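Two complexes are shown next, each including chain A; its partner changes from chain B in the first to chain C in the second.
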Partner chain A sequence: MDLSNVTRYQSAVAVEAAAPPVVIKRRGYLLIWPAFLYLLAFLIVYPFGYNVYQSFFEYSMLTDTSWFAGLKNYVGLFTSPEYLNSVWVGSLIAFFCLAIETLLGLSIALVLNQNFKGKVLARILLILPLGTIPVINGYMFNILFFPNASVVDHILNILGIINGPMNWLQDPIKARIVIIAMDVWQWTSFMIIMILAGLSAIPESFYELAKLDNMSTWKTFWRITLPKIKFPLALAMLIRAMDLLKFFDGVYALTKGGPQSATETVSFYIYRIGFKAFNVGYASAGSIIVWAIIWVMSFIVISKVFAAKEKAV
Partner chain B sequence: MQRVQRESRAYKLFRIVFLLFFIAVFLLPIWWMIKTSIILRVDTVVYPPQYIPKGIEFDGYIRIWKDQGLPFLYFNTIRINILAALLALLLGVPAAYAASRYDFWGKEGGFMFTILSTRFLPPATALVPLYFLYRWLGLVDSIWGLVIAYAGLNLPIVVWVMRSFIDEIPRAMEESYMLDGHSRVAAFFKIIMPLSAPGIAAMFMICNFLTWGEFLLSAVLTTTVPHQTLPIGAAQLEGDIGILWQQIAAIGVLGAIPITLIIVFFQRYLVRGFSFGILK
Partner chain C sequence: MKPRNVAISAVVMMLLLIAGMVSAEMAPLPRSKDYLTPKVVSPIILKAGTIPDEYIFPDDWVKKQDWDAIRQKYGGTTLDIIFEGTDIGAPLMTKEQFEKMSGMKLNFTGVPNQVQMQKLLVSFATGSAAFDVTVVLTPNLPVFIRFLEPLDDLIKKWGYDFDDFFPHFQSLMTDTPLVPGGKVYGLPNDYDQHFWHSRKQFLDEIGAGGPPKTFDEVVDYSKKLKGVLPDGVFPTGFMMSRDLFAWESFWDFAAPFGADYFKPGTWEPDMASAEAVQAANFIRDMIVDGYTAPGSTTWDYARQLEAWNNGKLAMCIQYPIQESYNPQMSKIADEERYHSVMPKGIGPKARTATHGTFTNVALAMNKMSKKKDAAFLWMAFNNSTEVQYIYTVTGTGIDYGRKSIFADKTANMFYPNAQASYETIPYIYNDIQIAPGPEIFEVMIPAIHDVWTGKGKAEEILPKANQQVHEIMKKYGYLGDKPPVPAPKSFWSWELYPEYHNLKWADGVGQ
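Right after this comes the complex of A and B.
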């Protein structure tokens, strides 16, 4: 790439402070509209409108016709034990995943942030789960927890923690534990790298001062480290919380929502009801409710992001 | 904690054990995937499990190549992801430039907020509408359908991260270039583009990482092998007669290689991509 222009105008940076920035207002719109319209069309206005519309109709895949149903879908949904179950299961799984990922991610990141031999290698090995395909992880965890041939059972038996087979995937509670274990396995790495980014931004001098003050390691963590990584930590947790609402691939490959819909998340419910049972009206009404939740949550996340940006500027 | 301090021997030992434990846990499923792809078919699911395979065969790889259309699946995944990343960059970089350099009504709270909010919508909620739209447009079971959808998934991140890259380029450089009689468009191509090239390259990689394993949309929007991606190819190996573990694991290994390379070599940019350019 031709960088001659770049180097020639680098000197201009020095006089930046002298000249007020040129602000041209109109043309900004021209550049931002394509991206904005694209997202608006494909991900917001059209899907939202369509979902709203369909949620008031009943649709038959057989005859490809639909008829007005009023609020029937919403009433049906809110009284449907299946939908309420999927909301409950989704929140339960999300809560435990988030709590465990945060604690593990924080402890591993704190250790990885120290100086020791093999640090770079340890760091690479610990982010490898991010490089795998989620749906295939579902199948691999299926083998690891396979009835009567579970690798995890074997290891736990050798260690003397359990005795005999656990039959993980047949029991509702144990199946949830497996689903949580799978998500924790893949996404703790995400927490690690986000927290490491926060940790690396803390100037060394802070710790030197703490040492001069004879602060204990524990106190240093609470008084210096944690307040400094509060923002990246909160951001990472919120991103994870939102992504957990999308949880689908692993559930599909591992349990198909079973046993007895013990692991059916909201995304899985919408998929099953819309594309397996062809109850489009229910799926649309369910989507609308999820959107409402997401919009409230994303409003919180994004206002945090804006607050952080303003602080940075 | 980069400080130089004397660590006790007990702590050093603890650290080694702690890290080795988690490395072992993190690598177990990955090792199992590699192992399952080459172990003898009769030994895929046995008790006690074989941690090191007693015999190996490459049947899984041969079968996915011959019977499951691996060349199609792989080529589709690559081309869908690359096209989606390019489309997202094409739309996203100008938007990022506008967000960084111009000041206009509704910029932060209106445009940028809405763009970022799409990052959080679960694809499941857009599934029904997209399916019917695609059926009407004839995009069901076409790679373009997925390119369009994936570009939408990438776009919010591209706009936000590229904005943070362009924000780091001093305004004075393009302004003095413009004072020399060049247009803003020329300044964009001669100053902004060369300087943000590393960012664009990194963003391209991150986009590929983000959509590589996407499952739900492609499961619903594609129906035949010539248009499907690797994750769907793997899921279709689960049939009435059982699950073809060897083949699934083989797809998993081959599918993990490119994104693993991306996360190892673009680690620095990963954080930036995950945090929409806020954390560096």
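Right after this comes the complex of A and C.
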């Protein structure tokens, strides 16, 4: 047996072990550098930079014409009733979805965190909607609420709750309710998973102490549970808020932004302008504004909530 | 030889014999008799007469080609073809026969109608368009011309009977639509046009002798129908979803009321005229009065077709929808129906018109294709007379637009839409066919839909949209001194083609 290789390996390990931590850290950075640069350049910097660049041009793919527009696209967007409406509609839908998903997710997670028979099965069933492809989910809801063939109407009629068709997708408020219901059905599971992860990290001893102190369930929730799940909850809400501000699939499959532009979210508006009217510059500017809104929102949440966590640690 | 082996040999021989007879039965070129079967065509159509054993069109282009020579020269070539997803059943029907005749191989990719424009434009613009032939909706053709091969030389070289198509249909394939001249960039593939469909039994019930002739009658019929229709059946239902169907349906009403896209002979938008406003409000009133099926403001083509084929409507505006005579697809396949020219509008500028050509489909060739002759041969085959006839009558969604088919009595016998289709030709209100078209649609569609869904009155909403269209036209130079393409003097075929004034239907043929 040739022991020279073994010896060489052992000495290499010995040298590595003897190297100061700073050197090892630097070497680590050097090794990930090519992949990091590739990701940064081709997946982030170039597409984003190109988007910013296009937003200063009036570029139409239809005619293949382009000219420098300066801030015209941005000014146009901020004075466009359609764009402002889409921002408002998007925010409104996002607010209600987030609020309902958070409250529902929290309530269900608290129940699932208890010990009861069939807990595992309940958890599995509750996270199933998360596996549905969003656009398929949209088409499913289309069938559920489709005029004249609405399964929901049929059931409500049988139960005697309504009489006749509800025309869900033709009334602005009802159409928004359907859109919100669709998102809540799919994404509450995500909130449940995130909150459950936080709940499972709370040591049992905290609750035992609370019992010794005769603390009520309500007080235990406010003083122990909620503060302990604050960070996973904030993270889940942030991720959902980012997603919701870009809400597209359901609108595309269900309402196409109608009726009366009542469900035209900002992403759908940008899609129409970018991929239907092919007004690429204008659509780019629209997406940059959305990006800025999401960035500012994330920055505030991260700097406030997570900075507080680091401080606490 | 053992008796068992003798029996096996005899069975094999018989099977070979039957196979030989069957293959001898099947004509080498697509023949109507082989395709018009009770499986896909309603008995109500088949009882109209006997389908000839021979070709219905023995002298069409396809039969005059030397397919042996073609096979020798182009055999082994593979063609990549993009086809509209909903209609792809049509070319797939004749794929095998074409491959056998030509020795070529066809690869089809179906692209859904709704995303066709995006997929094509992005693949062309990024240089990744690796196909030889593609379908293009005619209103989008000007956008793609920079990527397409002009076909004039190939048409000449192969003696293709392009002139057999109606003049306005030919014109839509050029780079100067509705203006004489221009290079040809597509072969007419699907002559979709709208007309009025009614179910006879319901019209009989209200004592109407035939389909409505004016939109006043439409309202009158709808009112009466509401009283007699069974639960779940509605007087009318249109394609009004918040996409291109809203645009199409709007002009199905606005054009008969006398509205125009632009001021005559110019590119100055006129989409908020008194007639356009009246038409938009008319549709809104029909919705409010319950004359349209609930939910039709969310109906696209598929949804409306589904409602019609399920017997939920008494009347509708649609393409020929021959598939509703297919017993596999329709509950009303055996029911008698009227197919008629659109009702006349209301008001001082009322006329007979239909927005019938939006989805007219051109088969176009990628400029970068290395197999131009082979590609053209398939395009010409696919658009040849008997092949187009077969596609139409079997309800694939492809509808023919050839003069020679309308002039053939036998062919018309099996196509209940033939007369309406022919008589509608003069009244086609052709679509805007300029490169910024899609940008105009994205302004007008939400506005039209807002009126229909009750956001406001047309007189408030349409002028704002029209102003936005004005800005678009200005931006692309259409309102300057030198517009990129000349404005047609009219979009209405009746005004453009004097020869159409003489079209007559008599004795089962178009004359």
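Simple rule for what comes next: the second predicted complex is superposed on the first by the 258 of 313 C-alpha atoms of A that agree within 3 Å, B and C clash if a C-alpha of one lies under 4 Å from a C-alpha of the other, contacts with A are read in each partner's own complex, and residues count from 1 in each chain.
Simple rule for what comes next: contacts are C-beta pairs under 8 Å (C-beta built on N, C-alpha and C of every residue); 3 or more make two chains touch, one makes a residue touch a chain.
These numbers come from a predicted model, not from an experiment.
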{"item": "First, second, both or neither for A:P47, with chain B first and chain C second", "value": "first"}
{"item": "Partner chain in contact with A:T63 - chain B first, chain C second, else both or neither", "value": "second"}
{"item": "Chain B versus chain C as contact partner of A:N279, first or second or both or neither", "value": "second"}
{"item": "Touched partner set for A:G258, first chain B, second chain C, both or neither", "value": "second"}
{"item": "Touched partner set for A:I300, first chain B, second chain C, both or neither", "value": "neither"}
{"item": "Touching partner for A:I108 - first (chain B), second (chain C), both, neither", "value": "first"}
{"item": "Partner chain in contact with A:F146 - chain B first, chain C second, else both or neither", "value": "both"}
{"item": "Chain B versus chain C as contact partner of A:V75, first or second or both or neither", "value": "neither"}
{"item": "Touched partner set for A:I124, first chain B, second chain C, both or neither", "value": "first"}
{"item": "Comparing the two partners chain B and chain C, which touches a greater set of residues in chain A", "value": "B"}
{"item": "Residues on chain A lying within both footprints (that of chain B and that of chain C)", "value": "146, 148, 275"}
{"item": "Touch list for chain A against partner chain C, complex", "value": "58, 60-65, 82, 146-148, 165, 167, 169-170, 172, 255-261, 264, 272-273, 275-279"}
{"item": "Chain B partner contacts - residues on chain A that touch it in the complex", "value": "1-3, 5-6, 9-10, 12-16, 19, 21-32, 34-36, 38-40, 42-44, 46-47, 49-51, 54, 104, 108, 110-116, 122, 124-137, 139-144, 146, 148-151, 154, 185, 188-190, 193-194, 196-199, 204, 207-208, 211, 225, 232, 235-236, 239, 242, 245-246, 248-249, 252-253, 266-268, 270-271, 274-275, 280, 283-284, 287-288, 290-291, 294-295, 297-299, 301-302, 305-306, 308-309, 312"}
{"item": "Residues of chain C touching chain A in the complex", "value": "117-118, 121, 125, 143, 146, 232, 241-243, 293-298, 307, 312, 435-439, 441-443, 446, 449-450, 453-455, 475-476, 484"}
{"item": "Touching residues on chain B, where the partner in the complex is chain A", "value": "1-5, 7, 12, 15, 18-19, 22-23, 25-30, 32-33, 36, 44-49, 91-92, 94-95, 97-99, 101-105, 107-108, 111, 113-133, 148-149, 151-152, 155-156, 159, 170-178, 184, 190-191, 194-195, 197, 212-213, 215-216, 219-220, 230-231, 234-235, 238, 243, 245, 248-249, 251-252, 255-256, 259-260, 262-264, 267, 270-271, 274-276, 278-280"}
